[in-house]
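Lettered A, B, C and D in written order, each chain numbered from 1.
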Amino acid sequence: MLIAEAVGQQYRETGWFGVLFTAILVSFLLINIQRAKMGKNLYIRRIAGLNAIDEAIGRATEMGRPVLMVPGLSDNVNAIAVQAINIFAYVSRLAARFANPILLCCYNAAVFTLAQEVIRDVYQEEGLLDRFDPDSVRFVSDRQFAFAAGVSGLILREQTAATFFLGEFYAEALIFAETANSIGAIQVASSTEATQTPFFIAACDYVLIGDEFYAASAYLTRQPVLVGSLVGQDWSKLLVIALIVFGTIFNTITVQSKTTKAWDDDNGVYKDVSERQNDPKQSFIQQLATPFLPKMEVERPKDPEAEANK
Amino acid sequence: MNLILQSKVPNFWAQPFNSQGLWMGVIGGLIVGILLFLGLMFMPAQFRRPVVTFCTFIGGAYWVLLYIFPAPIDLQKTEMPTGPVESIGKWLTDANPVVVSISGTVTAFMLGLGIFSLLSIHLKRISRRQKDWVYSVVLLVSLVSMTFFGYADYISRQGPEGTKLDLQANWGLVNYGRDLLFDGLLQQMDAAMFSVIAFYILSAAYRAFRIRSVEATILLSTALLVILSLMGAVAFIWNGSVQHLANGNDFLLNFQLTEIAGWIRRTFETSSLRGIAFGVGIGALAMGLRIWLSLERTGGGA
Amino acid sequence: MQPQKSLGEKLQSLPKQVLYLILIVLTSVPLFFPVKVPNEPLESSIDLYASLMAVKPGETVLLASDWTNSTRGESLGQFNSVMRILMRHNVNVVLYSTGDAQAPRVAQDAIAKLNQERMATGKPEYKRWENFVSVGFFPNGEATVNGMGTSVRASFNGKKDFAPGRGLTDVYESPILKGREKVSDFPLLIVVTGSKTSNITVERLSGKVPIAFAVTGVMGPETGNFYQSQQIVGFASGLKGLYDLEGLMEDGVNTPDKSGNVVVKSSKYGPIPGFPGEKNDGQGRAYYPTLHFAVGLLILAVIIGNVGMFLSRAGGRK
Amino acid sequence: MHPLFTYDGIKVTCGVLATVGLYSVLYRENKFYRFFEHLFLGLAAGWTLVTIWVETLKGPWWDIMVGVPPEKAGDPIGNGNWAYILLLPLGLMGYMVFSKKHNWMSRIPIGIILGLWSGQQIQIWYNTYGKQIAGTAQPIWPTTLSSLTVPNYDKLQLAPDALAAAKSQVYLSQAITNFLFLVTVVCVLSYFLFSFDAKSKAVKSASSLGRYLLMIGFGAIFGSTVLMRFTLLIDRMYFIWIEWFNNIILNRH
């Protein structure tokens, strides 16, 4: 009974290791954020795509044409959208200083609300609230391809000089990229969907691949919290790598160690060779990842009412 | 706690349908909500951030708790929890559908903002006779008519008679209207816009797929190989000829097009995707953590 | 007057519109002359077919139908093939969607068509409520699927479908959902999708129920990722997967056809019958040949571009 | 009557016109496209307004709040949970975003949604990636050199146990594949190490190798995606030429 209370259903499904591992990752992040806060200065490598932002805006200013931003097609406001908006806050801060018109097209009402609020803040902090046009942050549509049609229409009519597609992009990625490319806009793009990255690579000037997107805000603003968490992420990645390498070595050895008779197909005879348990569930690392705890019965009092309803 | 843990219905939280208690609850809740609203409006500024932080934390705390707090082991509907630990665990699991509905519902209420933004832009354009104002009229007209026919159709489908309308024979004007606007136009335009990508792929590939750098060459050659392997006819001919050459030599059979492409995809595509996925996953985790604990300020002030 | 363009430059700067026009022609003409192209099914497709055929008659499977007409080109065919197999096996289906508000409607229309086809061959109707229930759409997919992990009943709570004579009725009153509280009470969960819902399902339900996918070609790679790590039992990806499936329905696995030779071999499975003689071919058969022309054009365009580049380089060196 | 003048004829024709209208942008931005673009946006917005109630609010919110007439006495579905009303003012707080003074309030609903999302990230992380980490750790040393590649089991015709034994070997080719798989994952992952000084040789070479391996992956992705896109185009062409031109205009079946 006590065990049943201590070890919940989910631990029997994913195992204690999962919770522990997540906890370690979380602690890594918190530790490094703390380190950074305490003024430890931490190194970040160069990320090409991000240095292009200033260049892009500068170019837009010369041409006096607007900068277009799309924070991805997240179904609801989530970290990806927030991260994109954080980057766009940086972009529009520059744009505001150069009195350059901006266009921020949103796919989701909640994201629109957040963007509206954040971008207004930016202009306020810069003391340029008079330059802020609420219509420059707009909700286009929450239907994927209506959104695509609307945004490409905007790109073509407004002849945007610089376009930023950062966030969660799906099939429509290439529609935006090629449209913007056809009017010679300078493009910085990134999709957290790895499957869309090759299309951005084919059509855009600068592409942030995968995780670089999450590194962006740390790289641009150098806020201690962000830098710290970035270092924490690196630790976590190293931990994952370590686990993989350890698992591989351990696995290889276990396979080698067990020997038994097995079929040698060339000479058509039995001979001594080590045998691998080819059922992955048998490998140590797999068991660590997902232990198969036996089903267990728990004695409980019956609920009279529920019994009655049954 | 007792108030929340009530499993019997009806109870304080769940009142019978259309009962007086229910409507009093609804009205009471509404009043409380409005008071809360006003209270927040006139709350001193220094409490603003704490409030937001608190709400965010509570939201995240639920899922984290659900994850780490031991859930009762296959607790049947007819059984009662054995002790405090189990009853809390049960409460967490039972709360799941409630929590689930929150973000969807709240976002739904905010949709008005999106529509408001649309309307404000296009009404302005019309009233000021700006360039392309005619198209704004088109947009508004289509918006209104779709809304009208959509609801009319929906209402006509309510009740036990609703199934009848699955047959076109029983349709009325509103059903035809909705069908034309939605199936006839909206869905078709979805498909059309989606398929436009095919053209863009062609032009993008033609422009960008040049053997300039090592990277470009790798990308190009892998892409071509995979494409060919997925074209049944090509694969069939290639494989056929390999099988012919190999006649019985199993080793050579590995050079069938599908084998090579399959090997590349298994070995490099899957793995590189996985590499990215780990990175992005950790990134999302970190971001989630920062947001949950309000460690960073959204808007990333420089 | 402008300087004459060299051949190399010309080849590198074909106007887009011309390419587009050729593409339209190439994707239109072959449609009028459908032919059968030879094909070898992928292992993942065979696994999907096997897992579908493994479900026993009278069982109830969950089918997440998360596609709409925007991916009709691939998903409709896949959905039809999957449903044909299940219907012929008299497997009951619980339809739900977390992908798109329209998905349930689209799926029902597809089933209606399949029903006509089925009854035309003299088979009994595949009845709503007795053979399949449409649970409808869940706006907050991630959380809903998450909830299904704990209790399907709780997540389907308050969802209704048309019961004959009774109008809208709580889905859990349907005979086919009797006693299926947890997701593990279902022998199989199939997701036919053109969107991210497949990932969401794996993230939250993998290990709790066998999962099989029919996804669009673009999602093939990431789905392969789950397949490799055995989080899903099998999947069909894109038109190729669909064409495989249609082929498998015709030939079966490790089963000889009329002329006695086994078309599809697999060391993984024993003989799995097909449905020779029934209507197995659909979109796959109609579109797959045409695809070859379109892809051919793409490859040609890339080659032309590169040839042009080399020519102009050579010109430069002179 | 000619099918073009039936309802279905009109419906399909509308679809064709819309398709052509949107395609016209491929030539260049024009009035025809602009018309259908705005029509598209309008219809989409209208449809959203419909689904917002029909799909999003009616079932998951309203019905749960006010309950529904119980099918039979004491049926829990019949009860309404009035507390759901509190979500309404919560959602409305978002509308304060346009007010100069109280726009901060819009951060409360956003905060809650974000909080829920963040918590889920922590909840799902391991369930998503745990198995993948484990699946990446495969033996990288062969257990037998009797055959360099995986033998063709179908041809061997072995007794079940012998077959199992033969299948359970790690052949050289598998070992190499597993090794390459491992290397790819590790290198790609190390390409995304941002805080390590690239001067350190190991990291540098690993990450640059990672980038090349990424390109192989991207190439393969591109390859497998292309076909789908063309499929959708073919589907459109089928719609135009067969379902419209052939079946309706030419009235052939």
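In this section, a residue touches a chain if its C-beta (ideal position, glycine included) is under 8 Å from a C-beta of that chain, and two chains touch if they have at least 3 such contacts.
The structure displayed is predicted, hence computed values, not measured ones.
Note on connectivity: the fewest steps through touching chains from chain B to chain C is 1. Contacts with chain A and chain C are shared by B, D. More C-beta pairs touch across the B-D interface than across any other pair of chains. Chain C and chain D have Cα centroids lying 14 Å from one another. Rounded to a whole number, the gap between the C-alpha centres of chain B and chain D is 9 angstrom. Centroids built from CA atoms put chain D at 14 Å from chain A. Counting only residues that touch two or more partner chains, chain D has 22, 25-26, 34, 36-37, 40-41, 43-45, 47-48, 54, 56, 60, 64, 68, 94, 97, 104, 107, 109, 113-114, 116-118, 120-123, 125, 127-129, 131-136, 151, 182, 185-186, 189, 192, 214, 217-222, 224-227, 229-230, 232-233, 235-236. The residues of chain B that reach two or more other chains are 67, 71, 77, 99, 101, 103-104, 106-108, 110-115, 118, 132, 182-183, 186, 188-191, 193-199, 201, 203, 205, 207, 209, 219-220, 223-224, 227, 230, 265-266, 269-270, 273-274, 276-279, 284-285, 287-289, 291, listed in rising order. Of all residues in chain C, those touching 2 or more other chains are 16, 20, 23, 27, 70-73, 139-140, 143, 146, 157, 207, 218, 221-222, 225, 228, 230, 240, 291, 294-295, 298, listed in ascending order.
Judged by the touch criterion defined above, the protein chains are all mutually in contact, each touching every other. Chain A contributes residues 13-14, 75-76, 144-145, 170-171, 182, 193-195, 280, 290 to its touches with chain C in the complex. On the side of chain D, the complex with chain A involves touching residues 22, 25, 29, 33-34, 36-37, 40-41, 43-45, 47-48, 74, 94, 97-98, 103-104, 106-107, 109-110, 113-114, 117-118, 121-122, 125-127, 129-131, 133-141, 143-144, 146-147, 151, 156, 158, 162-163, 165-170, 178, 182, 185-186, 189-190, 192-198, 214, 217-219, 221-222, 225, 229.
For chain C in complex with chain D, the touching residues are 16-17, 20, 23-24, 27-28, 31-32, 71-74, 101, 136-140, 142-143, 146, 157-159, 169-170, 173, 202-204, 206-207, 216-218, 220-221, 225, 228-231, 237-240, 265, 267, 283, 286-287, 290-291, 294-295, 298. Against chain A, in their complex, chain B makes its touches with residues 7-8, 67-83, 85-86, 89, 103-104, 106-107, 110-115, 117-118, 120-121, 124, 132, 186, 189-190, 193-194, 196-197, 200-201, 203-205, 207-209, 219, 223, 273, 276-280, 282-291, 295-296, 298-302. Per the touch definition, chain C reaches chain A in the complex via residues 16, 70, 140-141, 195-196, 207-208, 218-219, 221-222, 230.
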